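Okay, so here's the structure we're looking at.
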Amino acid sequence: MEKILTKKSFPQWVKKLSLYKIYAPVRDNDICNLEAIDNPESIDLDCSNTVLSPKKIIFPQREIYLEFETSDENKLQVKEILPEETPSVIFGVRPCDAKALTLTDKVFSGDFKDPYYWKRRNSTTLIGLACNIPPSPNCFCLSVGGSPHSKEGLDILMTDLGDKYFVESLSEKGSTLINLAKPLFQQPKAADKKAVEKTQAEAEKKIVRQIKDIKKIPSILENMFDSPLWDKESLSCLRCGICTYLCPTCHCFDINDEVSSSSPVKGKRVRTWDNCQFPDFTMHSSGHNPRPDRSSRLRQRILHKFQYFVELYKDYQCTGCGRCISKCPVGIDIIEVLDKVSDYGS
Amino acid sequence: MVNLEDLKNEAHKLLKEGTVKYIIGYERGTNGLLPIPAFIKNPEDVERLIWDPTCVFNLTRFLVDEKRRKASEKEPDERPVGVIVKGCDSRALVVLLQEKFINRDDVYILGVSCEEAGVLDEKKLAKTLKGKKAKNIEFTKNDNFVVMTEDGKTEISAKEILAERCLECKANFPVIYDILLGEKVKRKSDKPFGSLEKFESLSKEERWTFWKEQLDKCIRCYACRSVCPMCYCDECVADTINFAVTADTTAEEKAQKIKWAEKSPVTSENFVYHLVRAIHLAGRCIDCGECERVCPLDIPLRLLNKKLEKEAKELFDYEVGFDPDQPSLVSSFKDEDPEDFIR
Amino acid sequence: MAEEFEPKIVAFLCKWCSSAGSDLAGVSRMEYPPNVVPITVMCSGSVSPLYIFSAFKRGADGVLVSGCHPGDCHYIKGNFYARRRIALVKKLLDYIGLEPQRFQMSWVSAAEGKKYTQIIKDFVQELKPLGPQTKLRSNS
Amino acid sequence: MVHNDYIPKLAHILEIKEEVGGARPIKTFRTQFQNKNDFSFRCGQCAMLSVFGKGESMISISSSPLVKDYLQFSILKMGRVTSALHEMQPGDIIGIRGPYGNGFPIKDWKGKNLIFIGGGIGLAPIWSVLNTALGKKEEYGDLTLIYGARTSKDLVFREELEEIKKKIAVHLSIDVEESDWNEFVGFVPQNVTDKKPSPNNAITITCGPPIMIKFVIKALEDLGFKDEQIYTTVENKMKCGIGKCGRCNIGSHYVCKDGPVYSWAELKKLPQEY
């Protein structure tokens, strides 16, 4: 289904979706965040990349697994806590972030389907916004199989055509949302479709950053485990968690018990994000650490994304959103690192 | 402004003569104007060095890494490491020396004076340029910056794009150095704690609302801690694991490690982390502003540290980062310290 | 009618003076509100700010740090260090918007059982109108 | 209802036996599920044990799948969770989820001579497969156990070992000389070299500290064992047990899912990240 929605009507559409919980980009001074909103007017679709991707909604930083408590008869009881299936809509999803969810989908599927992830995933509709202008100077989606108007993982793709949006439904979930406000939408004219094509072609040209020889990288990496490159590239790494926490594809987590009373015991078991750049991530309780230094941790990040994930799921675990580059406090640039990897291979 | 060629020459000489084992400086990176830390070993590589108002990092942070690396080496190179420091960075170094974390002999200080300028606030600059990209930035004598963009040169007043901390800087020149480049001139700052005024004038509930909103954003990436030269503890109370585990550490010792803050990024845990960090930096933070710069969620962390800097000054007449021989704020006292709050 | 709010106070008492002072209040059968969870520490100077934040996180409505009078510290200077540190913590908590009444410091000697009971009475009275401390309290 | 792998089943501790005392104590726990036991596992698999309020820890199952009355774990006191387990009493409740991991490919070992080589607590995963082989002795060739620890007091399953000695060849060792010790003195790899097990139609299963494994493999290679004949187990820090939390990987292998059992031929190809 292809439709036209004027920008003026956009807030009315959002209002029609009152049965859904709405998330959208919201401006907070100099940055943009993805937030739950009540007022459609607060949505800012001109935002650059939100600091955190929709990952934070589907795979929240903190998820309660279960609660445990000692009953009056001194009996320990464990209660499973599953998230409520709140029908939700996320507006302004960038194509790279939608693609990223198709990658985390793979991780949370398989022999063990993750009920927490899927409850949230299945109840969420993703409304994408094509990037006519790269939302970050470090965008490189074209290098990793994406594009500024990719439809992968989206339920609807909106393309900004000046005073209106070209709205394309890509799934049943998407069509449902359009049908809830049918009168607001018009049939597109041939000129609109032309305009979309033109915008898309121009958008691709505006993406300046790219990884050279991406196709060769997985096989080159196979022989680079002991390369001195990792030492060199990680010299300034601060061991913070920005690159991984902001990454829309990174999915590593920790499980801990949070106790409100230790005797009798009462508390919650929670999952929180964790990341491979923290030194305690792999440390055994004996103190032995298989990845003891910055260089082995940078190597893990690169190899996981461009070798291991490719081996396991036949795709790069990177969608080119550029967040890790833009926000790295010391300017570690994954494109640069990968370019040096290709040089290494030649 | 300090002449870059002079800096390169000094660096070249130090490396050539083998006075230092390497030099920590700034070089151009690939993410816009943000430089990257440069670790220069070969004299010819000094050509990579840059010096301009984009050089925001506090490079003394890397002396902490150096110390750890050296401790793990069997036959370490005993020569000092050269490090380029601005005024604020030099005060960080003073604190590290004061706390005897770094030995004076282990570091060769190449001081560069910001003179009347300082470093840029990337976000302020982006706002002023409205989407245009800066290619080059220079400071001119009349308190302006000349910014080159694709549209040519624009002159912008320093106040508009200087980092907030530079506008409140106490000494724009290094207070400790082996070589000093540039002149010891000070930028006029009439209000050293100006940025606090707005928040101090809020009511208690407004302050709470403000801080709750800010700290609730925290995702505990610990970039603030990681970038801070003063956050050199082997184990941080925010971590729930023992890092100082050896073969002799008993299971009990490991099991009894207290979880002061959970990993969950919720109000109570985020506050424990940030309050502890603030108080641990009281009398130690020299306001290099790095924690605030690196915060991906734009939490104004500087306002926490600046507040305690102000209280240290007002309550105890304590100023941080000028004298490596002065006892630290919380390991000293005066008989006349205020006690009107005590019952 | 709703029951009156009874604040919970965590009191860090130094072993040599304040804790002895509270014992004196106890053995002398002086009456004072039962709202205190006393924690004896070796010295007021050994009270880490972390303990204070942690007490608030664990649900304290008020926190008291009490040590020997200046000059009487068993370790000579511990309470002077405490005085500085607590002053900073007090300023910080006030700055982030916690009610300043919730965090107090006192000097109580081993002989001042009476003073101790008065401090607790006053503290409880000041905390009651504020209601439960929820700002820094953990929800889990 | 959705199946939720993260929710442990509750189990009672039936019996606790102190195997080793001192600074590195080991206890053996026999547990039984509160509800119906539909927990079926293979030798060499692990389970995630919960002490509620402390957390979870991945522990190898030391009883044989042939035993249906209880699940057994032998646990070295090491960190937060294992210390809590050591404080527990019979009747206390823990959580168990799993089983996790690949287990030993014992089906492929039928008719072969099995040589078990263990060090310290490393006997725990071996115990499961050793007892399974003992239970179906007719299906395998000769069984041999080479086992050692720092001192005679650090040997686990001492009483059971005496029983087993009556059925198969058992070669014990301790690191340093002790009075009234009649068996081998020296490290486990030295004992292997000393006993010269034959590689003919044999499979070896080695578990123990990483340094021991390294030298045992070297000793076996010297004796003519091929990489495919040598099996061992690997451990890494684990949280989820199902290959999602991302920390136990060695290359693209998740030890919790694809391990912990590897033949030396397989392990050799993986990076040294354990």
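Each chain gets a letter, A, B, C and D, in the order it is written, and its residues are counted from 1.
Following the convention adopted for this analysis, contacts are C-beta pairs under 8 Å (C-beta built on N, C-alpha and C of every residue); 3 or more make two chains touch, one makes a residue touch a chain.
Computed from a predicted model, the values in this text were never measured in an experiment.
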Of the chain pairs A-D and B-D, which one is connected by the greater count of C-beta contacts?
A-D
Relative to subunit A, which chain has the most distant C-alpha mean position?
C
Mind checking the centre-to-centre distance between subunit A and subunit D? Centres are C-alpha means, answer in whole Å.
39
Distance between the CA centroids of subunit B and subunit D (whole Å) is 50
CA centre of subunit A versus CA centre of subunit B: separation in Å?
31
For the pair subunit B and subunit C, the C-alpha centroid-to-centroid distance in angstrom is 35
Can you list the residues of subunit B that touch 2 or more other chains?
254, 262, 264, 266
So which stretches of subunit D touch two or more other chains?
78-80, 82
Give the residues of subunit A that touch two or more other chains, as numbers and ranges in rising order.
254, 256, 258-259, 267, 270, 274, 283, 285-286
So in the complex, which bits of subunit D are touching subunit A?
2-8, 10, 50, 52-56, 78-80, 82, 93, 95, 235-237, 239-240, 242-252, 257, 271, 273-274
Sort out for me which residues of subunit B touch subunit C in the complex.
199-200, 204-212, 237, 260, 262, 264, 266-269, 271-272, 275-276, 278-279, 282, 304, 307-308, 311-312, 315-316, 329-333, 335, 337-339, 341-343
In the complex with subunit B, residue positions of subunit C that touch it
49-50, 53-54, 57, 70, 77, 80-81, 83-100, 104-107, 119, 122, 135-140
Quick one: in the complex, what on subunit A touches subunit D?
65-66, 68, 75-76, 78, 80, 82, 107-108, 110-116, 118-119, 225, 251-257, 259, 262, 265-267, 269, 271, 274, 276, 281-286, 290-291, 296, 303-304, 307-309, 311-312
In their complex, what parts of subunit B are in touch with subunit D?
250-252, 254-255, 257
